[in-house]
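First chain written, first letter: the chains are A, B, C and D, and each begins at residue 1.
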């Protein structure tokens, strides 16, 4: 979809997803740090959040595939035209393939939340593969385009492959809030960069950009760094707001809880002694 | 062996090996999760499975080397022809070298299963080296070929080097089911992609592919992603079938076993107290 | 700032920062190894050191941005000149962007020292991103320059990206003195190499270098290795001096402290027995 | 030193060093696995081995630098000829630089063995840097040479950078026998490949190789894999011989030792009980 809208839609999707991930992971992190070591069972609300996220990913990619296929000038599920002996609308097919893998990562998230049998980390692996496939297809996308067009798309790859690598790391390093927020950050970066691509290649208003000018490439490179700074700022602000709101609201409930734990612990004195010696 | 058969044979081998690995690792994973922490001695059946796998790898690579060497138009173990001052059938020699390293990885598997002295991880290292050598030789294989031919072979490298890297990781991160299934997945991918190469470069029926057309390259890139999706699907289905079958069959035996463990643990009460304090 | 001074200023900054990091990390390391396992609360002097470092980073990058913007031939905060339809002084803007990210890493350091809520590792992540952005902008900086100029700048990237990677590792591997000194070392390398670039491209005295001569490139490559050796030597010397000085000065104070600990530990005998069994 | 001898000397050095490392690490591994968990103090013989290795590295690199500098057609410590305005014998200077870093790694080994203050891993870091510098200089070495010459040198880089990466890993993953033997293996590979380069570029007897022929490049690539197989075989054979010899010789001594440990352990019964509960 080589127009402004075709870049604004995935851009909005990734910005929204980055926002969702930031909120989710900050809530999970707050819950983890609040808990004492002995009680590590996730409350059911987190399960429900994962189901919603997975379901949304599946739904969004289904809609994405349908739109790419059955839009007016789409391939309508035809891959090869035997009359003209040529492939039909490969660009739309490639976009459908990208959506397909985000759908698969949604399925992986739902299944791994629902069943204890699915090993931990499968959802992250699926998301990492989805980002890898997106970057992989984009990499061969940019072939033989004007310099600025090729450059602005290859900068996107920094966000995409960076996200794929950091998500892959999460398969092994679980529940690390820095990694999780880095992932949110890279989704924000990807989202805002999609918008930037739209504004540069298909400006909704104003003059067209010169796609050959070296100075434009230099500006766009620097602009990418500004988007990084913006993404870092966004994640920081959202995290802080969530964290302070949650702290205030959970304050009263926690006091009661602590009181209850004191009572239940008071009975066993030898156990406490042994615990103390272990912790030293 | 530049024909359809020459790509179908290694393709079938890798598909079969991917299937074998999936079944093996799911069974091992099921056994690991079923066990209580104190009893980590592998039952002898797993040792036997490793011997069979190692023996099969050694046998298959021996046959592979023999066929490459003594096929009608093969080098018949001659490396250099002093009359014409030229190398004899370097392609067959390169394939023999690849087989050799899979044979070495088979030997490493047998030896590390048989002896306690061989450090853990040697079998994975040998397999990683075998995949690295395969990719290394293929990388210099594709020099000066038509674009589509070079591209379709270099896509194979994604599966080969990916497999090599993930297997190398297993040297350090042992018994991680996600990594093990990722490896199976990459073998499936490699196997099915060998078939794809055969179908594209030496189509058994139908018209030949235009090796210069850019659209063909774009389709093939996307097709590789479909093979990834297929490999993920295959591993998921096989794993699920194995897991549910094993659960049903092992259900009765486990109940008896748990009963026995309860009895044997009941005698020592102070020990249990100390254990509890350690685990907290 | 394409002159000798424009390379000497960041060079001095990085040399100073490398020196500061070496001293800081050696002191922290000495303190860590001196402590018994049970008492891992940082003394407040280390917090103050972090605040000073963060504050200095913020101040230095603010000054850097101001200088780059409001220097006589600077852009004076104008990005695009609508009259000539061209970007204004993109080089200065790029340098400002680099400073901005070092400022962000300073803020991250201050905030993560001040608040317990900020997860450990955020300061290192911010520093890693700052180095990545520096390298990223330099990478596209060197386009279409004479060979020696491009080569000498791309050698800088080895130090910059090496520093970014090793700092990223520190997000996961905390308090590893080898990694921390490696980082100091790479800052020294970066600093001294900035000076070297200044001396080669804008020699303050003597003849100009031939920017096309292959032998000059060969010498510069080797010279970079000598800078590595020098950086290693500097870190070793500074570390040794600090370590021996601290040892001498802290000797008397420690003896008293150990005496106090002996007294306080002597009361609980059963506890000591349990500890001994756990440590075995 | 562009002749057969100039490649045979470093080749022999690396083969010898690979042999030494294999023997050392197998002995250390045997000693580690033999020990019970409580007694992890290295016997003094291992310290002496490290001193010998460090001293040898320092001595060999000193000799190497002297030979490179003061050989008949060497630079005799002159770097720049102000009369002809050109660099003096940069090749010899580059080789001296490589030796310098192996000397530094020798010093690091001696110092880190002698003093408890030097953090663990510094010796591996120095060796990793030495290999990195070697590869770094070689990488810019091969510029504008005939294809076969460039190719055969760039294959060397696989062994050099592989060794650098695996040694860097050892900074974090200590006492992992698989990594240690991988390092030995890569030194063997480097050594034997130096010989191969000598035989191909400066054949002591027989006809010269055609440096432009593509088939020669293909053979050399495959030949590199054979060297990998040979290095694996060498490390396996040496390890097995050392392991079986040590087992036989240490058999009698161990029996006595175990007897002694039984006696000394027999006194404390409660301690044993506590130990048992911890290990479960």
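The working rule: a residue touches a chain if its C-beta (ideal position, glycine included) is under 8 Å from a C-beta of that chain, and two chains touch if they have at least 3 such contacts.
Bear in mind the structure is a predicted one, so any value in this text is a computation, not a measurement.
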Chains touching both chain A and chain C: none
Chain separated most widely from chain D, comparing mean CA positions: A
Residue-number overlap at the chain C/chain D interface, same or different (half cut): different
For chain A paired with chain D, centre-to-centre distance based on mean C-alpha positions, whole Å: 43
Computed distance of Cα centres, chain B from chain A, in Å: 31
Contacts with 2+ other chains: residues of chain A: 274, 278
Overall pattern in which the protein chains touch one another (line/ring/star/complete/other): ring
Which chain pairs touch, all of them: A-B, A-C, B-D, C-D
Residues of chain C touching chain A in the complex: 37-38, 86-87, 90, 93-94, 97, 100-101, 104, 117, 119-122, 125-126, 129, 133, 136-137, 140, 143-144, 171-172, 270-271, 274-275, 278
Sites on chain B touched by chain A in the complex: 29, 158, 173, 176-178, 182, 214-219, 221-222, 224-226, 228-229, 232, 243, 274, 276-278, 280
